[in-house]
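A, B, C and D are the chain letters, set down in written order, and residue numbers restart from 1 in every chain.
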Amino acid sequence: MTLSEQQKKEILEQQLQQNPTKRVTAPELEKILYEAIPVLDHGFVRIVDYMGDDSSVVQAARVSYGKGTKKISTDSGLIKYLMRHRHSTPFEMCEIKYHVKLPIFVARQWIRHRTANVNEYSARYSILDKEFYLPSKENLAAQSASNRQGRGEVINGKQADNILNILKKDAEQTYTDYELMLNEKYDGSTINKNNKGLARELARMNLTLNTYTQWYWKTDLFNLLNFLSLRADSHAQYEIRAYANVMIDSLKRWVPITFEAFMDYRMGSMELSAKGKAVIQKMIKGENCNFETSKLSKREWNELMESFGFKEQLK
Amino acid sequence: MTLSEQQKKEILEQQLQQNPTKRVTAPELEKILYEAIPVLDHGFVRIVDYMGDDSSVVQAARVSYGKGTKKISTDSGLIKYLMRHRHSTPFEMCEIKYHVKLPIFVARQWIRHRTANVNEYSARYSILDKEFYLPSKENLAAQSASNRQGRGEVINGKQADNILNILKKDAEQTYTDYELMLNEKYDGSTINKNNKGLARELARMNLTLNTYTQWYWKTDLFNLLNFLSLRADSHAQYEIRAYANVMIDSLKRWVPITFEAFMDYRMGSMELSAKGKAVIQKMIKGENCNFETSKLSKREWNELMESFGFKEQLK
Amino acid sequence: MTLSEQQKKEILEQQLQQNPTKRVTAPELEKILYEAIPVLDHGFVRIVDYMGDDSSVVQAARVSYGKGTKKISTDSGLIKYLMRHRHSTPFEMCEIKYHVKLPIFVARQWIRHRTANVNEYSARYSILDKEFYLPSKENLAAQSASNRQGRGEVINGKQADNILNILKKDAEQTYTDYELMLNEKYDGSTINKNNKGLARELARMNLTLNTYTQWYWKTDLFNLLNFLSLRADSHAQYEIRAYANVMIDSLKRWVPITFEAFMDYRMGSMELSAKGKAVIQKMIKGENCNFETSKLSKREWNELMESFGFKEQLK
Amino acid sequence: MTLSEQQKKEILEQQLQQNPTKRVTAPELEKILYEAIPVLDHGFVRIVDYMGDDSSVVQAARVSYGKGTKKISTDSGLIKYLMRHRHSTPFEMCEIKYHVKLPIFVARQWIRHRTANVNEYSARYSILDKEFYLPSKENLAAQSASNRQGRGEVINGKQADNILNILKKDAEQTYTDYELMLNEKYDGSTINKNNKGLARELARMNLTLNTYTQWYWKTDLFNLLNFLSLRADSHAQYEIRAYANVMIDSLKRWVPITFEAFMDYRMGSMELSAKGKAVIQKMIKGENCNFETSKLSKREWNELMESFGFKEQLK
């Protein structure tokens, strides 16, 4: 992550603000406000604004006139109850806004979360930074054999070197050609005074999907939790997970009670179907129970046994 | 509007908060934060939280690292440009939250704005306040003759008295019967110790649509502008307009530049169709132009002439 | 449910249509298209249009060029997989539209599902039908002692008679007064030729919440499943559940494979938190496990034990 | 656009369906259902399903029991009225679904329309087709001097050739390297039996933004009109406009009355602010009116004069 002097100055100016407010504040989150937290090789997450805290969830659930908080213990019990029963509307009463720098292929996954507000840097209007994501060597993995959309074994040795060389070479080549077509370097200097530059909206098509873009992204707490439960999950692609993990830290600083309830009831939770529950009930009671009598398909049976760690039961 | 001593105390406690923050603040809005601003006979609007200010719109439009504001004049020009061209996403970067007390028939119009977050007081869980909306006499109007969904001439004299009596009597009767079925008064006292109370989720069905409910309602600035342009419009029902007008005042305090652009370009603006524009062009050039040659339907022609105040041209 | 002769004729005309189409069709659903299926005492559900079938889910999940269906068994396996893992987008590719007549207090719960399209009968424009919901005697229940927002024991005998009398009397009185203020009966006849009628948008406020309204309501399959999983659940208020149950039947006729997967994996399923799973694992292995060592709160422990039917473990 | 024999066969099978339905149909749209209509060099638009027609808009606006259509002329008047006054909900009652093949940089603009349902071809799961967009020579344009996010003069001659060569060379090189890293050609053949292939989710980052992707995209009629009014507009990037223009043709076949109202009142319409209206009123009346007395900013004044074609008034 490289910030220009001007960017560092602008960030610092924001951090030096000290405004009085009657609104609730989240002191732990204030500490890292505006800071560019590095993610991947050139990306970052900056928390630029927020609204509400844990007490806002309670306040809305009770439609109360006051601050929501009666006693910490009561509030905590209510938030946990709301989380456990997937109540959504009280969590929608808090809002957070991030400034994110991320590779385009990550942005394409991220944007699928529709209940959010987004302003992306316009490559029709401006020239994109000369920055592209190159995985670190330990993150180069082969296509998974078992999971058709994931990674399997790590690739290393010479093959890994080749892959990294290809990624680097192609990103640099396409970016250089992008500048050539624009007839302008990323620092603003003109290449050939006798030529016109190709329109930016056209030239950008030559860039590779690991080029970095950036956006302002704002969402409510409920939709943030949905985002995190999907994107911080072990099945998510590593590159978006890296962002989700940084954002989970901001969650903890912002709404510590909601964070705890989220970790307890959403992350690591599983859904048990009616049939699956019947199987588990029998197993607890010590009744005879196996795949053949379970009425589950093989795939379901295996998913169920695996999620409880009963590997000897796999079919 | 009647607030209990406890409610007044809770509101005051919120207003006495003074927290330091690095976030941007809206000083004029802070002045009225949490205050219950009266609307209609028993309703209110309270601004309970907000996020961002005019500079946040600019910041997002530029995807900038800093506070957005370069110079007031530049920012103002940008905001006006965004408003004029109906850019939506930068305005989505600000958020506001209201606590509103309102008659149920108003709530039913309001809730049709889907892009908002809502927590309503639950009449399955709690007993509704004994408060119902009775129009003031000058707001009693007959069905409009010209506009099939609006009001026409004011009704007055004895008929007006009769109407107000009916509304009062029926609201009181149905509320008394609500308490009777609940076997509980709104102050919490039991009516008949030997009876069970009817479930609240059932008893509420006996209440009339002018009974007051309340909710927390949160939306982004763009959707607030949509709400206001529809609900502060002269075609909106008076009762919801009363709320919209109070909220327009909060808009002015919160984001004064956006407010000004909104008043200039959205309120009082009109849409001119391609055909309508052709008519206007001819009129400006002093060319012969009338209904017969305009290719407009009679209804459109009249709408167009009326919006420019050319009453003598009406067909 | 009372339909006028004109309404019956219009419905019949729709049912007599036989149009050729290249689109996929759902033959079992076609059989009941447009039919007014009675719900509660005066309400109904009519399916008026639909788009797609089970094969559309498969087609979208595969982004295929053809009809989606390879083999019934493969498709069924895929749909079950998508349901189990809460994949949402393929189910969004089917759409259904209902015409519903329902009491206003039910409409107020229903409208909270925001991801749907709605056109409601306008009481600013038209006079509402003289129909209001009166519960049948077996549905009159006292407020629940354990669940603060539900029903408990049935109320019967004289108290039940009284309640029903009150509901009937108040609905009739307020409706008669509605007509009086409008100066127009619901059949269109004028009451007093010398009077003006109060504007409809005002007069409606005198009606009780059990008055029937109606709307067109359209949603995609994924959001329909969300609606049904909440509203056909035993915790939903009986009156909205009555609608959800009729709609579940339409689901079965429309997308039988999705219906089956929904019944298997959503209805009757439970969410097991990470801590809850640890408890269950110990119980299966026969390890010592009780409330004290579980790290669960009492409320959670009880919810967990109850959901597995282990009543002797309740604290 | 190249379709495989298998794809052609699957499309044909869909087109040969002839199912009876009681639903309304759009005969002109049925004629082109499933057909792959070419767009740009390798893209297409296929209409794969739809729900409703013009009569559905009317039916919902009236919340009627029957087919909506009274008389064509009455229906047409109502639809035009709804369009002119930007009523949204009745238009939401129709739905359409497209299968689209499009360059990734176009997909990135398109996806910003959030109120739609999307299933995109997964490059984590599958290998993308070896197809990339190369502009035709007459579409190569320089960055606009006046509009900072558009195109200006056409680039031609040798510079144009160079640009096209670069785009072709880089797309081919990055795709070849994509295959190399995957250790698999796009036809499925393995490159080096001794190597593992890089995970697809990683390898894709090497592709350029003009690579084609595809998706199923479904939206309601109201949101389709929003999409078209923005993307068929002359300010939209040519490449997405090419898609919008094909979709406008499908609009005409599907809902001809709505199409006509859309062309009359949305396309080519302009918004006139309150201040702008005052200027126009004066001009019509022949009153003295110029920039200095108009209270408009220079930018607004010029936008206004330009939109009426009064070039001599530009400042």
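Going forward, a contact is a pair of C-beta atoms (placed from the backbone, for glycine too) under 8 Å apart; a residue touches a chain by one contact, two chains touch by 3 or more.
Please read all numbers here as calculations on a predicted model, not as lab measurements.
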Same interface as C-D shows up in which of A-C, B-D or A-B, over half of contact pairs matched? A-B
What is the distance in Å between the mean C-alpha positions of subunit A and subunit C? 34
Euclidean distance of C-alpha centroids - subunit A vs subunit B, Å: 35
Can you give the whole-Å distance between the Cα centres of subunit A and subunit D? 29
For subunit A, residue numbers touching 2 or more other chains are 118, 122
Topology of the chain contact graph, where touching chains are joined (line, ring, star, complete, other): complete
Subunit B residues within the subunit D interface of the complex: 77, 80-81, 84, 86, 263-265, 267-277, 280-281, 283-284, 286, 297, 299-300, 303, 307-310
Which stretch or stretches of subunit C touch subunit B in the complex? 103-105, 108, 111-112, 114, 118, 122, 124-125, 133, 135, 139-144, 148-153, 155, 159, 163, 166-167, 170-171, 173-174, 177, 180-182, 195-202, 204-210, 237
Listed in rising order, subunit C residues that touch subunit D in their complex are 3, 6-7, 9-11, 13-15, 17-25, 30, 33-34, 48-52, 56, 59-61, 63-67, 89-90, 92-93, 95, 97, 99, 117-122, 214-216, 218, 220
